[in-house]
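Below are two complexes that have chain A in common, paired first with chain B and then with chain C.
Moving on to the complex of A and B:
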């Protein structure tokens, strides 16, 4: 399980889970799960177009997800972002299907980028992943405070000179980068589970901003490590285990929160 | 009081939005320790006036000086409590974390506590009486408690002017009285200047000493005694009004039109009103 050809998988998986938890923490607070689902789908047309043109799939993904970020920003301005996000999602799939229909020979490779591949991490792939993860982590920790205030109460943030538009652009860009880093191991489609499952579970269990952030990272790392190990032993696709663990973790944490809320009186009578 | 300089000086303020005139020639000064009620019905221009004071809207004419400088330059002197306060119940944020973000939420880095921030946050929590729910999830508090948390968020930077938008709307009587007491303590103990918007001035009568009465973008301003006069308000409304005093409460009513009242009554009776 820890043989040389698996080492890169462990390293990449660990890095991806870290940034997915950090960015996913805000995906949950900002109610952006739908955008976090749609944006990574840009990997599909991206990878298909890259195959068609014979360039690195990373490049194709960054182009399409980057366009997705700009489109979502525009949609925020004209309103009904939820509808726009849904349309963007299908647009990505449609364009991807078009590109894929033009080239059938590399379809399995596109499939592995979308759904993950345990042994898909070469040494050449590892460095860009680690670079992106380091960048996302540093930016995330740097803007944590203003982004937390903006995500909790935009009106108050604006009065402290925090621009909601700027925060949204930074947040969506980080989301796009996480998608890119997740391509080889977890796959673009399945990174969504890591983005929302562990942070939502952590926020259900801890009311402390930093402790719930740490808990989200711990949950995400446990999920990805378990998924790699289980996938190695069973030979089942890693995506299956990532999906199962994310949903299971979320369900358990929400059930606990629901149960603990019922232990307390629902209405507290006090002077205010 | 007149030997001090005003915290807030509004002079001949006119604001247009989307080509429509919203405020016309509004002028008033507020000094330390004063509580001013900004009274007006929906659409009178209260929110526009607040947003102009906060530097979020640019005026067509006139000046707004906060601490002697244009509104935008002295943002740290102003604390603001919005009307709509509705935190997500799952937000991983305690009351003290929210207050702490009021202190330095705009700075970069993680929000760790140190001795200085912990002291400032405790002071603000104490000032609004929020110690009991300081360590609870802010989204799970009652509406009144969430409002206190946001007031503490505004107070923690020690502003000299505190602006509250319709703080009494959606509060039950007990909570409204407690809030009015709190505002009274802030102006007396901390010499803070407080500006409160409301559609009804009565709950604020025990603590307010200045009044800005807005009708359709124009304002009558001054002490309560100066503004609440039939003559002043009739001129502002553009039709005759009467003022009823009852048990320390004030009611402003339009006069019944002399000639039309019989016809009106008949019409009302005809509709079964």
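Moving on to the complex of A and C:
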């Protein structure tokens, strides 16, 4: 399981899970699950186009995901945000379907772009992934406080001179970067599952920002590690395990909160 | 033109495509009004697991799409789609789990039944390859949706526009929410069959999103949504058919044309109506506004 051809997968998986949990924390508190779903899928034609033109897939992914962020903001301005997000998503997917129909390696390509290819991480792929993950982490730490304030109390943030539009742009760009780095390894659908499942479970357990962020990272790392291991043993796609683990963690966390809330009145009285 | 209409795959595509357009326009208006675009999209995505499973077990793809869409609808209802704040998360979690199953079934499709095209036809649709036997089930599904919506039209509209008011008037939001998800599942299944599971969202929210901007009355909005959806589907089928000659033997996928056309119509409707608003503000219709009560 830890043989040489798997090492890159483990490293890339760990780095991606870390930034996915960081950005995912904000996806959950900003209620942006739809955008987190749309951007990875919107980036998908980028990989297909790069394949067609014979350039590095990262370039294609970054171009498409960047266009996605810009278009998303424009569409949200002229209409309902959720409708705009959905239409942007299907437009890009439609274009992706077109590009894929032009290449000869049709079906396996679609599957690995959507659901990930665990063994497909070469040394050349690894460095851009690690670089982007480091960049996202640094940006995240520097803007953590204003972004948190803007996400939880937009009015208060506006009073302090934090521009909501700029925060939105920064947040979407971070999301886009995570997406572009993670997509070739884990697939478009899985990026989304990692972004939403572990942070949502973590936030059911703790309201405190740092504690919940830490929990999200722990959950994300443990789900991707178990998913890689399970996928290695069973040969089943990695996306299946990450999806199941995310939903399972969330359900468990919710049940625990439900249960503890029932106990809570007694606890609160005693602590008062 | 005659060769186009007399080809059998084209006839099937036109019938199934029109079914998808009509049903999605009707349900789409409710979905967009309720702010359920993400849930609608999630149901469509999750239904791909059913489509993939249908290849595996040899059942009708329509049944596969429908079964999975309904399971997902109940899952969301169970996890708490009712509270607006929780809706986003519950939808996301169900979507993630559903996509996991989709991955698994598609993988099993490829390894056990050697249907390598399954991923493409489930995800992106292949309207020209639909078997004729699916025409009647699709029409039946559409009739069922129209019947249900016709019976509960007013409570459905009221719940979609103002849930609190609906509760006051004695409409159970729970039952209406469930009914809405059930008919949404039917609509999604027909759309997924026509243009593919991940692209079904285009038909579901594009025409409705544009039509709601064009008209304030729900019935009128439904009418406009149907016109837009039918135009996009018919034009898309025709263009895909003709593209075989445009690109010297490389036909482009139908779903691509349908999606792009819907997107263009949506942009036109949005820009047109915002231009009209600007124009109105400048004066001419300010009189009309004064006359309004």
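The working rule: the second predicted complex is superposed on the first by the 254 of 272 C-alpha atoms of A that agree within 3 Å, B and C clash if a C-alpha of one lies under 4 Å from a C-alpha of the other, contacts with A are read in each partner's own complex, and residues count from 1 in each chain.
The rule is short, and it goes like this: a residue touches a chain if its C-beta (ideal position, glycine included) is under 8 Å from a C-beta of that chain, and two chains touch if they have at least 3 such contacts.
Here the structure is a predicted model, which means the values were calculated and not measured.
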Fit-or-clash call for chain B and chain C when the two complexes are aligned on chain A: fit
First, second, both or neither for A:166, with chain B first and chain C second: neither
Touched partner set for A:206, first chain B, second chain C, both or neither: first
Partner chain(s) touched by A:41 [first = chain B, second = chain C, both, neither]: second
Partner chain in contact with A:242 - chain B first, chain C second, else both or neither: second
Partner chain(s) touched by A:29 [first = chain B, second = chain C, both, neither]: first
Partner chain(s) touched by A:146 [first = chain B, second = chain C, both, neither]: first
Which of chain B and chain C A:157 touches, first, second, both or neither: first
Which partner reaches more residues of chain A (counting touched residues only), chain B or chain C: C
Inter-chain angle, chain B to chain C through the CA centre of chain A, in degrees rounded to a multiple of 10: 90
Overlay on shared chain A, then closest C-alpha pair between chain B and chain C (Å): 7
Overlap of chain C and chain B interfaces on chain A (superposed complexes): 28, 31, 200
Chain A residues within the chain C interface of the complex: 28, 31-34, 36-37, 41, 78-80, 82-83, 85-87, 89-91, 93-95, 97-98, 100-102, 106-108, 110-111, 114-115, 187, 189-190, 192-193, 196-197, 200, 236-237, 239-244, 246-247, 250-251, 254
Contact footprint of chain A on chain B as seen in their complex: 54, 56, 75, 78, 80, 82, 84, 87-88, 90-94, 97-98, 101-102, 104-112, 129, 132, 135-137, 142, 144-145, 147-148, 150, 153, 174-175, 178-179
List of chain C residues in touch with chain A within their complex: 32, 35, 37-38, 40-41, 79, 85, 88-89, 91-104, 106-107, 110, 116-120, 123-124, 196, 198-199, 201-202, 205-206, 209, 213, 250, 252-253, 255-256, 258-260, 262-263, 266, 270-271, 274
Touching residues (chain side chain A, partner chain B) in the complex: 28-29, 31, 141-146, 148-149, 152-153, 155-162, 200, 202-204, 206-210, 212-213, 268, 270-272
